[in-house]
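Presented below are the structures under discussion, each in the form of structure tokens.
Here chain A shows up in two complexes: once beside chain B, once beside chain C.
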Partner chain A sequence: MSCAGTTFGLIAYIAVSWSLAFFFPQSVLAFLLFEASLLLIYYLPVHPKMKFYMGASVLLVLMPVLGFVNGYYLEVAVQIGIYVALALGLNIVVGFAGLLNLGFVAFYAIGAYLWAIFGSPQANAFLPGGFFPLSPAWFFVFLLLSVAVGALAGTLLGLPVLRLRGDYLAIVTLGFAEVVRALVNNLDKPINFTNGPQGIAPIEKPPLFFRPLLEFFGIQFEPAKLYPLYFYFLVLSLVMVIILVTRRLENSRIGRAWKAIREDEIAAAAMGVPVVRTKLFGFAVGASFASAVGVLFAAKQVFINPESFTFMESIGVLAMVILGGMGSVPGAILGATGVTILNLQLLKGLSLWLNSLRQSGAVLSIPFLGSYSLSQLPAQFEPAKYERMVFGLILILMMIFRPQGVLPPREDRKL
Partner chain B sequence: MSLLELRDISKRFGGLQALARVSLKLEEGMIASLIGPNGAGKTTLFNTLTGIYRPDAGEIRFQNRPLVGLKPEKITSAGISRTFQNIRLFSHMTVLENVLVGMHSRTRTSLSDILLGTRKFHAREQAAKRKAMELIELTGLTGREGEWAHRLSYGEQRRLEIARALGAGMNTSEAYSLMNLFKGLVGPYVQAILLIEHNMRVVMGISHRVHVLDYGEKIAEGHPDEVRQNPRVIEAYLGQGRWSENAHG
Partner chain C sequence: MELALEILPQVLVDGIVLGFMYALIALGYTMVYGVLEFINFAHSEIFVLGSFVGVEILLMLQSAGQLTAWPPALVLLLVIVAGMVISGLAAMALERVAYRPLQGGPRLVALISAVGASFFLQDALRLFESLWRNTFYLSYPTLDLLDETVPLTTNLVVPVKSILVIVTALLMLAALHFFVNRTRVGTAIRAVAQDPETASLMGIPVNRVIALTFFVGGAMGGLAGVLFGLHYSLVNPYSGFAPGIKAFTAAVLGGIGNIPGAMLGGMVLGLLEAFAASYLSILTNGAFGAEYKDVFAFLVLILILIFRPSGLLGEKLREGRA
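And then the complex of A and B:
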């Protein structure tokens, strides 16, 4: 294979798609092409070192620069990152250990509320002293804390629940997520812990600890531009850490034990795998990832309420894992990215396009059928409104034509 | 003192007495077979022995250590490992991974070593993989270690099961035994084998002792030739096909 040719082509592709996105900041298509470059970098047969350099330059340089041109791109990237992290967490539970968890969002909510309560004046409602909100510097402490709290929550849920298998486990986890949501919805009285359905605001953002450094170099940023960039890099680092941890676990005795349990629990037990402990650990790891992402989410949103943590969210993350390929890290990443882009960009883009067609009042004339004024196009016809249907269709088609997902785990992994 | 001793094991599932006061002894260096018609309780006995079920009554001692109540993984690390009557490989894991799972209780790496990817972690992984490759070679599966287990042919899957069980149970010394027959395994690799087998030629050919179960009860025990003559055994097998033929489970 012509490695050099592919490498050159890939670089050219990145350059062209990036310039397109740079010079046409409103074009969804250009941005999509640019996003696809990461997929190509992963897929094409290029020297691993080159892959690393190209991936790094896309993620660390090109993407942030685009974010300056159009802030919305960074928002999309951060959303993608959040879902990638969630999907990777769920992939451990569902993909590796084979435990169907329909309530994954509960752990995400726990992390989000952890920082929301203490990183806002909310905690003053039940703790004396008026110490709250905590200063932004505590954000990182809470990020670490959330890992522990998530793991604890996962273990506590897992202890009674992991004796169940398959469908029963799925139903109990679903119930757990609803319990968590009902709790945050109703814990505003008698003591106001969560502020109920009104949600919590304003939540502190992470500290700008690097500000002095920037000022030293004479770089001035207005916070409105700086924060999206900051969140982008925070999410990126979190995702990188999660990928690293997942990879390490996957290729260790723990990962093998998870997969053995998924394949055949009795045989795994007979081989000396401590089934309950291994399952619990999988639950805890997945939960801790979700919880850490929750903290980031709360800080980014500034405002959270129980609405962000519905059952549909759990299903969405599960769909990402299934679409991408259960038990595969690249699969989970691709699934999360694809679905988020579909939701945030493709369907919205189509809606906008249809809207502009409607407003243009153009008349479509079809031979033999007469003419049709586009302004009559019903508003219900917007793709963004039937997002879930598109989603369902994709899932059904996938189950028919590629049940193992887009990027299923590969057989001949390096030994 | 026997290597393994089951005394008066009983197990009940609702109205079904799956095992009724079954006793069995396995001496070191011995191959014993467990036979009996379908539903006689052979698999239940194995599940009880390996800790998947807990017997309602009775005692199991292995190297004079009581096993009843221990979890399956503890029993495995005590030194009893099992392959299954129906092939129960981890089908979507590679051949190498299957054997490595077998070695699970023998590879000790701490979580921090794994997460930090320390040198110790890599060294242990490498050592485990070397050992696993040795077992793969022994069972004649070299060159297929990267393939998923369900891709293997039936015979290869059986051999992989043996490699996996070897990983779970024994400390492999310099392995040069070329036999993947059980006879060759007893001694250098395992202390004794308890076998559920339907193929009577195999049973008669290699067992030192045969135990016959029927309706959860042990109806006969002894040397293969003795058992073959036993009227109760013949009776139990009547209607199951001819005694000399293979009965399929």
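And then the complex of A and C:
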């Protein structure tokens, strides 16, 4: 009976939080409450079928409608989706196989530049014929291609370095990411491949292949309104595919081999696990996910430059995986969502609030310490600019107090 | 070719200066690695902290109007000692807060904590400077003495600041060598590095020795920070990343855990980098220029780790260490 009660409670919660977000489109809090409903759906003891229906309706119906009212929410949702996909990829490398990769962003950059170069006039700079930009229909071809290119890049890096011990591997991957970034930054001469620090624009968006269908039903949309929704569903499908692949891998022979290596490499080798090959496969799978997400990112941004692929980004994704719990798929999703919301909404909100305080010229009077005019608050003090501090604190505090993360993987929980 | 030979002495001086910087920073990585076997990723921020201590003291002296009144040697001594002490203490505090609670756990846990500490310290420095000076890009006030030059030959003019870097670094490296190899405390550090359990059975307070190692390594990093600031003049909270990672490369190049190795590795890497920065463009007819010097350092790191993970001077490491 409690099950039915919980179900109704949950439905009521979703309805209320959704209406709040719908009728108060400026409220970050309402949106957060609505986002939390997914977590509740996952955790509360509800019939699995109900979970599926509720999750599907939140993701496929309620969120898009909300996003249609307030485009910013959709933007946030797409960002979250991108980071969830990245975190799931890194989770395979760090969480399952136990290989600390500090240069994950390199593969993301490779994918992004793959589509950016050929999906914009950039490729004309070094290929004759003037075929570029490729037509949007090629986007899906490149999405598939990027999986292969990412896997190849991962293998090429992995082959020499995977024999190294854990912390050396971390530094080498970091170095690799810096090399990739330096190359992207400087390969505008002698031949202009990447257009250097100026970046590449405009990058083609994916094709609106469903347009005839919409027109058939007589629905007319402005492309400006349509694209955010379209990207939302693209990211959602990519995340779903990645979750599916990750889940299948996790419970397969190869997934068990990863975990065996993570727990004890020598013992795993003694049991006949081909250590280097298994590690390499994990590395390649993670890299190919990141690379595919990169293609999507480039298409969404229309403009990319090397600034988007700094070490900071790698650490951000690592913080997501560690916050959620290494080796746990729901953990990676939760971590990515949490950190992205923290970054995009909470810190920015705090900055805006401080700014308004500063402009209001209010005077704060503290007993015994005298009064302090808030307009004197230095303009440099903007929480949104201190994301490194936030990532750093997450990493240190998690390592000291809860190294297994907020949602550790199931088998650890049993112990 | 004419040009290539003409700039050679200048390139050598640049390389040596850079090499001593890397050597000083690399000592911090290598000493900590020796006792704890983990990469103190936040060491680059300890180095930057040294730069900031130096610039703050000089700016304060300047605003008090004392910068030119005091003898330059005294100013330099004050800045260097303050930078070393504060950086050393900061490294000790870092060990106490972020690493000691993790002792005995998996090594990756400590490494992740170190990466977090590095990020945290960068922004903490930025926050402090933003609130204090309203900007976090600072530049060292000019000291007239440092900008004077000593002509050695017709086409080689060495600025005093380069000589300062070389002399100070040599003195400190010699002092460190004496400290580690000839004193009781230094022996304790080496004992802990070899075998912490046995050392503790022999009555060596292991935790205190580890803290001391952090202090010494941090002080060397702080010294490098002050010298870096005096030499290149511009500092910001994020300027430690590249020197830090290169110094780590230097430590690995020399054989991590090995103190003379760190000095040698730093020197080799500094010279390589100076040569790459000046000659890459000449050799490739301008196709690849000095902007690839960072790539170069990373390639060196990757190649050493693949072909000789124990470094130039490193002995064959025990199973589980290499």
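Points worth noting:
In this section, the second predicted complex is superposed on the first by the 399 of 415 C-alpha atoms of A that agree within 3 Å, B and C clash if a C-alpha of one lies under 4 Å from a C-alpha of the other, contacts with A are read in each partner's own complex, and residues count from 1 in each chain.
Convention: a contact is a pair of C-beta atoms (placed from the backbone, for glycine too) under 8 Å apart; a residue touches a chain by one contact, two chains touch by 3 or more.
Predicted model, so just to flag it, every value in this text is computed and none were measured.
By the touch criterion stated above, A:215 is placed in contact with neither chain B nor chain C. Using the contact criterion defined above for the overlaid structures, shared-chain residue A:307 touches neither chain B nor chain C, since it reaches no partner.
Measured by the number of chain A residues touched, the leading partner among chain B and chain C is C. Applying the stated contact rule after C-alpha superposition, one finds that A:190 touches chain C and leaves chain B untouched. Shared-chain residue A:259: touches chain B; no touch with chain C. Within the superposed three-chain model, A:275 lies in touch with chain B and out of touch with chain C [touch as defined at top]. Overlap of the chain B and chain C contact sets on chain A: empty, with no shared residue.
Residues of chain B touching chain A in their complex: 50-52, 71-73, 76-77, 81-82, 84, 88-94, 96-97, 100-102, 104-107, 109, 111, 114-115, 117, 121, 125, 128-129, 145-148, 151, 164, 167-168.
Considering their complex, residues 38-39, 98, 101-102, 105, 107-113, 115-124, 126-127, 130-131, 134-136, 241, 245, 248, 252, 286-288, 291-292, 294-295, 298-299, 301-302, 305-306, 309, 322 of chain C touch chain A.
Those residues of chain A that touch chain B in the shared complex are 245, 248-249, 251-254, 256-257, 259-260, 262-264, 266-275, 327, 409, 411-413, 415. Residue ranges of chain A in contact with chain C, taken from their complex: 98, 100, 102, 160-161, 164-168, 170-172, 174-176, 178-179, 182-183, 185-186, 189-190, 311, 315, 318-319, 322, 378-381, 386, 388-389, 391-396, 399-400, 403.
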